[in-house]
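Below: one structure, written as structure tokens.
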Amino acid sequence: MTAPITTAAVPPAGAVFPKKHYLNDGTTIRSWLLTHDHKRIAILYLVAVIIALFLGGVFAMVIRLELLTPGPTIIEALTYNRMFTLHGLVMIFMFMIPVIPAVFGNFFLPIMLGAKDVAFPKWNLTSWYVYIFGSALMLWGLITGGADTGWTFYTPYSTTTTTNIAPVMLGVFIIGFSSILTGLNFIVTIHTLRAPGVTWFKMPLFIWAVYATSIIQVLATPVLGLTTLLVAAEHTFGFGFFDPARGGDPILFQHLFWFYSHPAVYIMVLPSMGVISEVICAVARKNIFGYKMIAMSSLGIAFVGFFAWGHHLFTSGQSAFDAGAFAAISMLVGVFTAIKVFNWVGTLYKGAIAFTAPFAYVCGFLFFLVFGGMTGVALATVSLDVHWQDTYFVVAHFHFIMVGAVIMGFLAALHYWFPKMFGRKYPENWALLAAGLIVLGFNATFIPQFLLGNAGMPRRYYEYPERFTALNVASTAGASLLAFGFVIIAIYLAIALRYGEVAGRNPWGSRGYEWDVPSPPPTENFDKVPVFTRGPHEYHDIPEDLAKVGHAS
Amino acid sequence: MASTTTTGGHAHKELGPGRLFLNWAALIVLTLTTFGVSQIKMPVNYHLAAALCISVIKVTLVVLFFMHLWHSEGINRIVFVTSFVFLLVLMFFVMADVGTRFTLSNSRIPPMPRVDQTMMPSGMPPGMGQPPQRRPEGPGQHPGKAGHP
Amino acid sequence: MNEFMRRMLFLPDQASTFALDVDHLHYFVISVTMVASLAVGLTAIAFFWKYRRRRENQATPFISPTAGFEVLAISVPLAFFLLWFAMGFRDFVKLSSPPPDAMDVYVMGKQWMWKFAYPEGPNSLGVLHVPANRPVRMLITSRDVIHSVFIPAFRVKMDALPGRYTEVWFTATKTGRFQILCTEYCGAQHSKMWGEVVVMTPEAFDDWLKEQQRGLVTRQDLLADETQVTPQGSLAQWGKQVAVAQGCLRCHNVDTTAPSTGPSWVDLYQQRTKLTDGREIIADEAYLTESMMEPTVKVVAGYQPVMPNYQGKLSGPDAAAIVEFIKSLRSDRTVPVTAGEEQ
Amino acid sequence: MQASAVRKMTPEGWLEPPPLPHHYDTVENHQNALRFGMWLFLGTEVLLFAGIFVGYFVFRTYFPEAFEQAGRHLSLFWGTTNTLLLLTSSLTVAMAHYNAEHGKNRNAFWLLTVSILMGAGFLCVKGIEYHDKFVEAALPGKFFHFTEITAPGGPVFYVVYFFSTGLHALHVIVGMSLLTWVAVRCWRKEFSPTYYSPVENAGLYWHLVDLVWIFLYPLLYLV
């Protein structure tokens, strides 16, 4: 049953699966649901976000199928409107926001810091329950109330729609709490629980990225919380904070909404960048080029990202002064991203690169980030945005960043850390095939959408003029390829979980701190407080027989 | 009690009841001051500025002494100041927008276009979109009902 | 070159002065984007080939960037981005400051159509006539939710906000018909909220305007007459006006029994009607009024519950007038107030 | 929560602190982490109220007359009373923190009780004010039927008023629950120089409630 496995890294001859590890420390459902172990909570999150990804993916496919023809294809207009609302909300709040911080952050942040757990383990578990409760409420509201507002909830449409949106808004509010708890937990952990030797500038870059992300989560989410409450109250009681019919200001809603939702983009993409920094060092077996630049640019993006929200409002009646200020600041985000890209490419220079699935995703990530990021800069160029605002160009741009970059980061992390999390290897050949399919399918899906945007097709269109048909068909075809790639991954990972080759402690020959513990790690992570003497991304003085060191236990 | 702790010293133990009481007295005095100032006759913007200044002083006192930020770890100070900075950022850009928008995008009584009634935005707050003399009068002006003679 | 790039990028016609500025910047930005993506991609591939792993436990040299590289990595992108920002902002300021001699057109969006009106002249539904080579300022508003006027050929877009006006201007350079789309999601028929700009030569436009204004005078006279009719007739008459103003006729047919987004109003009164939940009711005054105030409670079978709630938007007399209007719509006799004419 | 019964009374007269969680190395580190976490949470609270303050200033710019008129209709007496109540309760909470930290659990208990009562007093006053507003129909949005505000924008003022004070009142209720929880633990003599973080953090939360009110009071009642 075992699929053929080829890893470019050291074959772990004689690696044995540890007898006692976090996965078998208690096998009852109760031991999972009441666990305070950050690794188990990470697995709980993993299960939840994979379900969310599946749901969101199905909704996306329904949307793409509907858009196969200019007229009605498989669903009605109202269903279509609900479908893109569902797709947006599920993907953003249930998948993108928690995916990397709450799964891989939870799992690896304490290990990478040499800590036994996050600062507040109970709150960590609470955040998962809050997330589940919020998600359930949101989904319930979306399905029974049939919210059709789009994930942006622009007023006064959202406050006057006949569909019931109050539970959806409350669900978003509650999920926000979970996000705040996670972020808060991480920040405190990073500040107080670093092991001896892990100084600020010896922290792995993934930690820096998660740190920057957590700051955004903590500072931005409450504003969204208040906004959702106001919209829910307004829809239910007719308050009129945002409804001009009662003296409110709809542009104020857009300001408050994007004050969260723009930085939220960085909540999604920054951890992905952190993953790439980790993976690229391990596969290229090379120190990261410009550690400080990458670390500081994470903080820079988090900071500057807060002052850029107004570039979503260029055509909404915002003043030209604000438009100019926001556009100029938005450019800085591009600069910080460019710094990262240069440093990643620089890392490959004189490295020893192994072509494995994680590296394939790194390549995909680099391409999508550069292209998606540059189109983002183009969009922030005010006069160009006037044409592109709310067209498929915007859709394609943010999918390049969110699907392109974030999903590449997620898949790279999943493949790179799969041996550590579950102690087994995935089949490399299948993984490379799936990676190829996904990168290809992704391009085929979204490049036509850039052109659709250029041609002037607005987003959230159920029907469209005939002249857009060809590009829409191309996009739908690409989407099916993409979906197929995901199905392959799901199958081989499910098999590898049980039948994969035993990975051993350090199958990649990585120098990251997390590879010092057995795979899968024991519940306590470390027997005694570890002391790290090397940096996390250093490969110039690796021991001659890294492989043996890697499998010492 | 005399039992100085084993925790190796948060200096904030220096803040004894006396200091706290003093701080409270200052807050009460400031509250009465802001109340008093509000009774003076002067332009409303001056009132706003005075009230905000006094509030900021009061908040500073509460934060520094009641909340022990004066003696706390630096990072807590950074956190709290940062949150206020972001509040101000939000405030600044939104107010800058409101202040510099196309005037008809937020002024209360835009001139009515010389076109027929159906071109009138129905969703106008009371008093908007109509010349002042036609503003609905009397009790319970119904917000959504503008636009019908 | 311009034509080549335009076709490669699937851009629509360039029919305004603004379009050319935008497109040139677009070409510049997109070319640099392509080159940069390609350069990064090719470098990565070259490195990947040159520095592929040769031994399993291969060590690598420790390399970190020089100060020069850091400066370059920051300043080159920054320079490009700021240049684009400057160019883009210059054009944007141009777009948001209409010349003082621009001709005004009032644009109003409502679910789900566009209305246009000239200060002195006619109104029209869905079709906007403008002269070529003359600056036109659109003063945009909305009756219900946010819409957005988008004329791809002009590279112009501006949101229509309820309760306030926004402005945008353009000078059309080509005569012809160009599509207007709504780009701010506004409900069930958002994707059908289309309109058209007809760009005419200035002379043709002036003629057209005069023609229309002549028609308007007669119509306004008629309107003035209508206020003089007997109270009995005026209630249905008034109901029609309210129905027009509230946009009811966008979804309800009043000249044919054919269904639209909502059921036709012709012969509706006292009709036996089946609801989505299977019940059968008679469309009497009570039902008609209820359907305005709580439209989603009793939905006629075969229709979607998309009608907005008019509670608080319609006064009692207005609602009663609409009911009178519906009562007057009978297919078996000539209706005095035929619909379709949206003032 | 798990003030377990197995903890012994020390000679100084307080319970032994609960065991240090396994992932912290020192008590001080644990305390710092808890305090830091609380401050971060307070930061989120500041930003939660940010939106409402921004709304206040935006709508004040649109409808200055309505905001002045409506502000004058609020009861200055009750507003000032409430301010004094909250400030004083902040003092007692700060004193309770001091006492708990020095192991004087009984003193802390009584101080906290007084604070909770003042919080309850605050809510009662708020209730009276709300009642008056309901009687006058000076209510938000579509419920607004208050005749004495003639300038446009009255309904919006009351949205801001009810939403900000409502959200604040909600925080008062949460704060009171937290104070009750630590008061009970004071009664059980759980706090000592090495273990007082719950009192400290509950106190910090209560002070934040105070902070918000310090801004709301002049903005709503005075100008």
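Letters are used for the chains, namely A, B, C and D, taken in the order the chains are written, and counting of residues starts over at 1 for each.
To be clear about the criterion, a contact is a pair of C-beta atoms (placed from the backbone, for glycine too) under 8 Å apart; a residue touches a chain by one contact, two chains touch by 3 or more.
Because the structure is predicted, anything quoted here is derived from the model rather than measured.
Chains that count as touching both chain B and chain C, per the definition above, are A.
The chain pair B-D and the chain pair A-C differ in C-beta contact count, and the higher one is A-C.
The geometric centre of chain B is 17 Å away from that of chain D, both derived from CA atoms.
One finds 34 Å separating the Cα centroids of chain A and chain C. Note on chain placement: the centre of chain A and the centre of chain D lie 36 Å apart, centres being C-alpha means. Counting partner chains per residue, chain B has residues 75, 82-83, 86, 90, 94, 99, 102, 105-106, 121-126, 128, 143-144 touching two or more of them. Of all residues in chain A, those that touch two or more other chains are 156, 191, 219, 223, 238, 240, 243-249, 251-252, 255-256, 317, 320.
Residue positions 32, 36, 40, 43-44, 47, 50-51, 54, 58, 62-63, 141-142, 152-153, 155-156 of chain D each touch two or more of the other chains. Contact annotation for chain pairs lists A-B, A-C, A-D, B-C, B-D, with touch applied as defined.
Against chain B, the residues of chain A that register as touching in their complex are 156, 191, 219, 223, 240, 243-249, 251-252, 255-256, 259, 306-307, 309-310, 317-322, 325-326. Listing the residues of chain A that touch chain D in their complex gives 110, 115-117, 119-121, 180, 184-185, 187-188, 191-193, 218-223, 225-227, 229-230, 233-234, 237-241, 243, 246-249, 252, 255-256, 524, 529.
Looking at the complex, you find that chain B touches chain A at residues 75, 82-83, 86, 89-90, 93-94, 96-97, 99-102, 105-106, 121-126, 143-144. Considering their complex, residues 8-10, 76-78, 81, 148-150, 152, 154-157, 160-162, 238, 244-245, 250-251, 284-287, 289-291, 293, 314-317, 320, 323-324, 327-328, 331-332, 334-335, 338-339, 341-343, 345-346, 348-355, 363, 366-367, 370-371, 374-375, 377-378, 380-387, 389-391, 451-452, 454-456, 458-465, 471, 509, 538-542, 544-547 of chain A touch chain C.
Within the complex formed with chain A, the residues of chain C that make contact are 9-12, 21-22, 25-26, 29-30, 32-33, 36-37, 40-41, 43-44, 47-48, 51-65, 69-70, 73-74, 77-78, 81-82, 84-85, 87-93, 95-97, 144-146, 148, 150, 152, 155-159, 161-164, 166, 179, 181-192, 194, 295-296, 304-309, 312.
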